[in-house]
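The structure that follows is given in the form of structure tokens.
Should a chain be cited, it is by its letter among A, B and C, assigned in written order, with residues numbered from 1 in that chain.
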Amino acid sequence: MRWKLLLGLLVLSVAAAQLPSQAQTDLIASAEKEGVVILYSTLPSEFAAIVAERFNQAYPKIKVEWIRGSTSSMVQRYLTEVQARRVQVDVISHNDVGIFQEWAKTGLLRRYQSPEARFYPAGLGGGEYWTPFRAISTVISYNTRHVAARPTSMKDLLDPKYKGRISMLDPRTAGDALAFYYAIRNTLGVEYWRRMAQQGVEFQTSVGRVADQVSAGEKWIGLNADYRVVFSRDVEGAPIGVVWPAEGTVAIPTPVAITARGPHMNAAKVLYDWLLSNRGQQIVIKDLKQLSVRVGAGKTAGIPPIQAMKLLRVDFDALNKERNDVLKEFSEIFGLR
Amino acid sequence: MIRRQAEAGTKATGRGGGVEVTITSTAVVVLSLLILLPLGVLLAASLGGKSLTLHYFSQIFLRHQIRSVTLNTILVALGSTSLAIFIGVPLAWLVHRTRVLFSSLWDSLIILPFFVSPVIIALSWLAIAGKRGLLYVVATRGVGVQTGVNVESLAGIIGVMGLYYTAYMYLYTSIGLRNMDPALEEASYTSGASTLRTAWRVTLPLATPAILAGALLVFTSSVSHFSIPLILGRPNGINVLTTRIYEMLIHYPPEFNLAAAISMVLLLITATGVAAQRLITRNRSFITIGGKARGEETRRAGWVSKVAFLICALYSLVFVIVPFVMLTVVSLMRYYTFDGPTFSLDNYAQALLRHPITLRGIRNSVLLATLGASATVLLGSIVAYVVVRGRSRGKVVVDFLSAAPVVIPATALAVALLATWIRVPFLYGSLGILLIAYCTLYIPYGTRAANANLMQIDADLEAASRTSGASWAYTFRRIVVPLMRPGMSVAWIVLFVGMIKEISASILLYGFGTETMSVVLYELWYEGSFTLAASLAIIQGALIAAVLATFVFATGTRLRSLT
Amino acid sequence: MNVGSPFLRVSGLRVRYGTAEVVRDVSFSVSRGEMVTLLGPSGCGKTTILRCIAGLVDPVAGLVEVEGETLTHQPRGISVPPERRGLAMVFQSYAIWPHMSVKENVAYGLRARKIARDVIDARVKDVLGLVGLGGMESRPATQLSGGQQQRVALARAIVLEPRILLLDEPLSNLDAKLREVMRVELRGLQKRLGITSVYVTHDQAEAMALSDRLIVIREGVIEQEGIPLDIYYNPATPFVANFVGRSNLISGRVLVPAEEHTVVETEIGKLLCRPSHRFEAGTDVIVCVRPESLRIGLPSNGSIKGRVAYKSHQGEMIEYHVEVGGYTVKARVFGTELLPDGEIVGLTIAEPGPFAMPSNRADEEV
């Protein structure tokens, strides 16, 4: 008889572990009262729309309203709202890790211990302030029709045959491009970028545009975010190939965080938890086709897991401090000043 | 109603006394807050705020990119003005000096850009001759080679802006033509001179002051033009001063002081241009109204009118109808590609029914335009009353302040408003700051219209009311307002249409939830939803067309008077 | 002609537009029930004075008093707004509000005073009947002829039962025939209702026909004041003589000042002038001879000989220009027979006789 009791207790405890706690239920109830959560992110529109739709399916009483923009415009928008004392954003996500770290220190992010946070490697996150909700790496994309011998390294791109045919994300607007620029600069030296300037590189402010240019053959080489290139290749069927640079690449654990004074605090927490939950991460992998860094979440088609990539180390704090100088240097090298 | 001069004492009704003083002072305060305050803050910001320095102004000369952007701006302005003159002036002559068939049709078609947002025009031309436009696809597929025609270039910007401003030059020239004493040209014809000879040696020289004045206005307008370079240039790394300012403010870290300095420079250029234009129109009385009505005799018949017909038809087809058709086609595509496109009405369904941001944009724009037009009409009427009927010293100040915004480019005003009101809680990113911007930009038009209206009203009509026992306020309500109403309705419509289209200031001042139609249009296109953006553009055009058509048919006003 | 204290008193009125003084120290009074006309050429300031009384213009200095109540007193800063003065004005341009009907125009002032609807209706009906527009209540103002507009303007003013009625050249926009008709009607109406009125015009005939008293104004100053016939017969200055009625102004010198007649030697001979001023012998004077007082006949001993230089038939009378010496005398005679040019004739002067005025350098510019 005792084992029946034990079995019963086991079943009960397992069941209890699946039940939301009272705190959880209260949170959701308050969130539903708020009814809406505002998200600023750098996700391309189609992806942001998917996220909003799925969340709404999970929580029918809470609507996600979102806007998207480049890292720098999202940062600037939030900072202006803070200065104007009219913060409208609840959850914010962009690709500049250093800035998130700074915001954590200066009280612009809300401390929140999400129940999902323990599934994320400690080194990749910002503790109670932010967590990586996806990861992107910079890759070399090339048009398969125009490029016979595919390039494998950043050094290959200095080949004169690519002159006027290279496009990349603008470090002044995209956090991942800035980190990549910085890392390559530290590895291959400023001289590398000076020589790249001779190649006449064009800078774009959205991953979509770089992908389109290479797909259409307008440009032959595009330094772009991994998932967008894979999307062009596998979903849109574009003649585009992808290579991770031999020298190594930068993987950005794209932070997501709750703002300190946003108008819908509870709904923000619910969204935050959901994005980081297994359900949210499966959407990241299957619908957004991006890397997830949640432990046990699974692989993303077409993109190797982070552990398998050759990574260049980036000190985000240092980058944050030197940001203005780095950008100034970049602008001067490429004649954009 | 005969107006007399010396005896009458035309300012007689200024006997409002205390009321007049209150109203004048209020007008001065409101106008100063709207205009002087932001300008002052802008100036301070350009000089570095607390640390007075010329550093930011010097950057304009020292930074290579800003120098080249300034060069771009000047090239674009010169180029588009020249093109506008080159096309617009002869068009005016062809429509107004020949017996071309359907002349009023051509007139309406040519001035259409006045009622259309330049964003829409830029997008249309993008669909035709952009890097992924129809011509490109046709060329690479059919001919297999790149055509030289690429509208996403400096030349392209000049071309499209030139086409946009052709409507302005056409309008100014045609006004100059209309005001000419017909006897002068008739004398030329009766002396045996041919049509072309008369046009070249009599008509053109007489029209030159009007053309010059118009050209100056077009030049200053194109220097501060924002939307066409934003769409055709910026994504390709080609910038002008206004788009550069925009970039400086939306990215992190923002370069606010530098943006302010560049704004001040733009303001200076605009102010110079407007001053020069005023000088021209004041010294020469090129409005040589000969008293005699223009008869049909001064319109030439014969081969000239046939040629005119051809040219007008061609122009209207290629530069007005085709772009509109192209944009409609794009709005019906599922994905933006001319390489085997598929069509559906889904974009419209999305824009009007499902997409939260487009709906928000439409609602915000209509709300802002309605409120803004009404507020501007009200403020303009009060200002006009103070200036036309008032006798206090404050009226000179009011007159000047109400005309001042003419020289402020929309971008510069947005920068100024940002700097001024950013610390006032809840104003940034609200509809309020957009409303302030719109009213400020359009006050000059509002007061000009109200002035013209008020001067038509005999001051004795108000005097009769006062001597009949009505107070100043009663008089204003029951005499002045009803008599001004027809004219001010026209003004309201013009203001409404203008504010619906506005983008240059809106794009810097909008926040989450306060996007306007034009801003949504741009943002949608910018991140790749060209087809959805196109459908929104058509919707905006349809909205404006509906408003105009209703008004024109209901009141019998001519389309021309709404420019 | 002031009985007791005046109904309207204007004193020391001074009005400036910019740097120009358009009204300079004007003072006059109007008794109850009187119709006083301000007469003068364009720009003389008469309308400005009227507007001061109405309260539409503020003088730099001066006093306006009605029934002892101070309406304007500058520079003390007292200035009652027009709507509280209890006066009414008829404008030269009529100022009929185009967006209202006849009835709404006339009823306007009463409605502003929040008088009961039925009372308004009755009064409007009466007044329209008075001015001869009975039954036209619902006619839109834009469909009225000039004459009708004028009557509406009048009705609008009268219906308010004002203390004083101010009229600013109300007939000058009408054609000649209508003007004469309206003149009579207007005067009739004013007398019947007994409204104290101040009338402004530049038309001397009108002024003479309408007024109880006439005030001639020139360049912002009162030149002469009095009953019309008096001014006509005894103009104070050549300006008045020329403005009120036509005149021949002949310069001369006093020979014999006397109680009965003053003998003046003039360019056209010796003239016996009516006694007016006490002149000393040898004073330079200007003699006014009214053209209608001249008779043309055969040259004889007592007559002034001259030669017909010009004539013009004016319908009921003929105007002759007769050269006498170096001077051209204008004569207006009844009759239909035209004398040929060059004919030598003799002029005789009937009533009113010649009238001598002091000669003044400035007056010669008349």
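We adopt the following convention: a residue touches a chain if its C-beta (ideal position, glycine included) is under 8 Å from a C-beta of that chain, and two chains touch if they have at least 3 such contacts.
Keep in mind the model is a prediction, meaning the values are calculated, not measured.
> Based on which chains touch which, is the overall arrangement a line, ring, star, complete graph, or other?
Shape of the chain contacts: a line, open at both ends.
> Could you pull out the chain whose C-alpha mean position is farthest off from that of subunit C?
A
> Measure off the straight-line distance from the CA centroid of subunit B to the CA centroid of subunit C, and report it in whole Å.
Measuring from centre to centre gives 56 Å for this pair.
> Using mean CA coordinates as chain centres, what's the gap between subunit A and subunit B in Å?
Inter-chain centre distance comes to 41 Å.
> Taking each chain's centre as its mean C-alpha position, how far apart are subunit A and subunit C in Å?
Chain centroid spacing, subunit A to subunit C, equals 93 Å.
> Which positions in subunit C touch two or more other chains at once?
Within subunit C, no residue contacts more than one other chain.
> What parts of subunit A, by residue number, touch at least two of the other chains?
There are none in subunit A.
> In their shared complex, at which residues does subunit A touch subunit B?
That would be residues 38, 40, 44-45, 65, 67-73, 75-77, 79-81, 83-86, 88-89, 99, 172-173, 202-204, 206, 208-209, 212, 216, 218, 323-324, 327, 331, 335-337 of subunit A.
> What residues on subunit B touch subunit C, complex-wise?
1-4, 6-9, 12-13, 15-17, 458, 460-461, 463-472, 474, 478-479, 482-483
> Touching residues of subunit B toward subunit A in the complex: what are they?
So the residues of subunit B in touch with subunit A come to 63-65, 131-132, 235-237, 249-254, 356-357, 422-430, 511-513, 526-529.
> State the interface residues of subunit C toward subunit B in the complex, per the touch definition above.
Touch list, subunit C to subunit B: 17, 22, 42-43, 45-48, 51, 54-58, 79, 81-85, 87-89, 91-95, 97-99, 108-109, 112-113, 153, 156-157, 160, 166, 173.
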